[in-house]
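Chain naming follows the written order as A, B, C and D, and within any one chain the residues start at number 1.
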């Protein structure tokens, strides 16, 4: 446990740790966009904004107060292509060791065994946004596979393909990985408190790099936790009222 | 003189004849767009609408009451490309016998001897709008030349070039020509009252076809003239207040 | 098709022929659900559904009712209510032809049609399996790539020109102008489509283009083929700034539609009971 | 460049460097004339002026003041006041490099930049002498032309990405959101440009994005680098729904600017007398 976390405070929940970790991945960003159905990434971006004097600007799709687009559904994509979005979040039914993501389904396309909704904007934003953070809470061999069954969006591209963007990190309930664009592989950065490297290895379907000693994912200090449970909770609650009821300790 | 024009009515002015003639060129159109600085074409389109039960729809650039565009300056061009504009008007510092128009200048480009404003949307709309009406009041060898010095927009295109649009007619202070797309030449349709074929030949710098007997351009009947001097005058006056002061007989 | 011929939802449904390429808005952007119900009631068939850029319950119901041959979309999902069961079942059974896309590709292809262009280039996509399964998408060379760069491939998307665009909006006026506010993709749909059919919550007696502030978010009547007033026309989904989705209904729907029989029952009750909103 | 660094017209003029690719709006679409005067006063030089899609007095003054190297435009005209005398003189003397265009080509090239595309295709233009004098425009084959069609050439326009977009609008708020109403080309300019500098008639104390009706015509602060309040900022030209052009001034201008000396006199008086509007 982080020494600056006062012992009398309620310990951070799993979601609060993820929110804090995401905020750390957004340092230095000028503008972060958050897609639909993404309460934890949204809260992470709002935390980074709250503790960094209003930077980055945060656009939360589905929000009224934190959505600045006025040109319809295409604006997020145009804005990314203009280089005005520094970070975005992608999930994936499957994510493989090269950073490929699959949002379409398992088995043989088109008659997939399991069909997921579809690729949304992934096949575009993964190319255009410099810091794409792969975020998937479930950390299992079902999700983190050696090779995705369908590439909604590739993790890397051949030389000569226009690609200012790509994967930056992968965050799950167990661990945080950095993505190494040169080696086209993930590198374990830290394991969350309460979990160990063996658990990560057991539940990851792809090979990844790691340091000799794997650190623990840092926890938020008291002040940051108060910010999460106060301002950030209020701000994200506008878009995700049911999320805040479950993700944050009650009565805080 | 047209027999139905009552003798007690004030005879149509030059501008009124042009307005009436333009209206006749718009029969059957669903939507006519009128560019900037075009009071006579605008009045012609509004006349056709007034006497045809609201068809065509008329978009007058610069108008508040008769401008339906809400997507900025590009909408006129997009709308034309969608096939939603049946007729448009082009002028030209020079117009030649093939229907080429020059809105750029005379002499050698770029250091033209005489420089006009520029090509505006001509190089696009001439290709996309089915019925482009060339309208230039001045009928002289200076304007109607054998070959334009600069092709802002060509009258015809090679086979294989996407071109649903092109020249439909040429109207001047002296005469009305049809454009023959097969022969790529103008054909004189009629000469305005008070002028003759010799005057047209003397003042036209290009060769054109003509029937053995050239008819006189028809004049508006009493009812139509009243419509021009009433409703059309009011409608076009919204955009061109100074035009209506000079173009229509006072006190009518 | 003139606006004055379309007086009610049945007229509107009749104006969308079997086999039409039909563009619909996303569930969160004015879905014309009352019109969709009328379409299903008239047993529309063989639709080529274009979802702008995704769909949910609207595509789900049309697919479940057997109205869809082809679906071109970036996703079909009921969001927090879960997967769209009839869509998933139809995919598994190979009952519909999938044209899986990515959101900006659908926007770009509609913009191409709105501009009368044969195609629009778009970055990204290269190396995705989407491209592999979309033989109608081509890869061309960027003609402006520096000569020494070894080339710069870029995807070219053919224009999508819907026969009909269909959506629900808060307000139209008697002249047929329709307010869509910031939901600009609805304007692109109307510009791109041959015909645009609209349902609205309310008809304004004053012209929407007269107020310059209002006018920026208005689709002019020029692009509109028919407007039908349909209060709660997005129900059981929501309409921005007006009402939210009917959560209880959607939960019941997802539970029931897991089976063919359950869906058939929902559909029969829904089509037979126009006042279900008041349940 | 942060919005808070730009407090007045001189700050704004200082933020537009010599040699900038500067996009300006048409005379009828919120021309930033007060800012243009400040630019001339600071003796800006070597501008590459992009007129969206045409210009009039604004280009004329900048050219007359010797500030322009290159002008990319579909026309320069003072409308009913006649030809733009300094533009015409500069063309005749070969003092400026002309990039003659056609309106939709400028719109399309800005839209390409707004979409991060290297180019945009556009119909028309083929066979025009514009194309002959624009080696930066290329002709490509439509990749979707039927194989038996013998090809379908189409013009590809390289994106225009202005360093700075500059215009005048009726209203902005304290957060930097700017209302442009139906003048959507101003939004495209802001999306396309690296920086966008604005003058406005008035600063609103309430946020313009809060009213959904208003919001459709608002450029979000995200795209805005600086806003300066400048009452009558379009003078001697007009601003939609606010004020008309100053006809007497424009007539005097056209008469005076026919000669170099006359223009120099106008310019000296204009720059020296900020209150000339009250003459």
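One rule holds in what follows: a contact is a pair of C-beta atoms (placed from the backbone, for glycine too) under 8 Å apart; a residue touches a chain by one contact, two chains touch by 3 or more.
Here the structure is a predicted model, which means the values were calculated and not measured.
Shared contact partners of chain A and chain C comprise D.
When the C-beta contacts at B-C and at B-D are tallied, the pair with the greater total is B-D. Put simply, the chain farthest from chain C by mean CA position is B. Centre to centre, using the average C-alpha position, chain A and chain D are separated by 41 Å.
Chain B and chain D have Cα centroids separated by 29 Å.
Rounded to whole angstrom units, the spacing between the C-alpha centres of chain A and chain B is 60.
Within chain C, contacts with two or more other chains are made by residues 108, 115-117, 122-123, 152, 154, 182, 184, 187, 215-217. Looking at chain A, residues 69-71, 77, 81, 128 sit in touch with two or more other chains. Because contacts link the chains in a way that matches no line, ring, star or complete pattern, their graph is best described as other. Every pair of chains in contact is given here: A-C, A-D, B-C, B-D, C-D.
Taken together, the chain B residues at the contact with chain D in this complex read 36-37, 62, 69-75, 77, 81, 103-105, 109-113, 115-128, 150-154, 157-158, 160-162.
Of all residues in chain C, those touching chain D in their complex are 108, 115-123, 138, 140, 142-145, 152, 154, 156, 158, 179-182, 184, 212-217, 240-241. Residue ranges on chain D touching chain B, taken from their complex, read 26, 28-29, 52-54, 73-77, 79-80, 83-84, 87-88, 91-94, 97-98, 100-105, 107-108, 111, 122-130, 133, 149-154, 182-188. Note for the complex: chain C touches chain B at residues 113-117, 177, 187, 191-192, 209, 215-223.
Residues of chain A that touch chain D in their complex: 31, 57, 59, 68-71, 77-84, 128.
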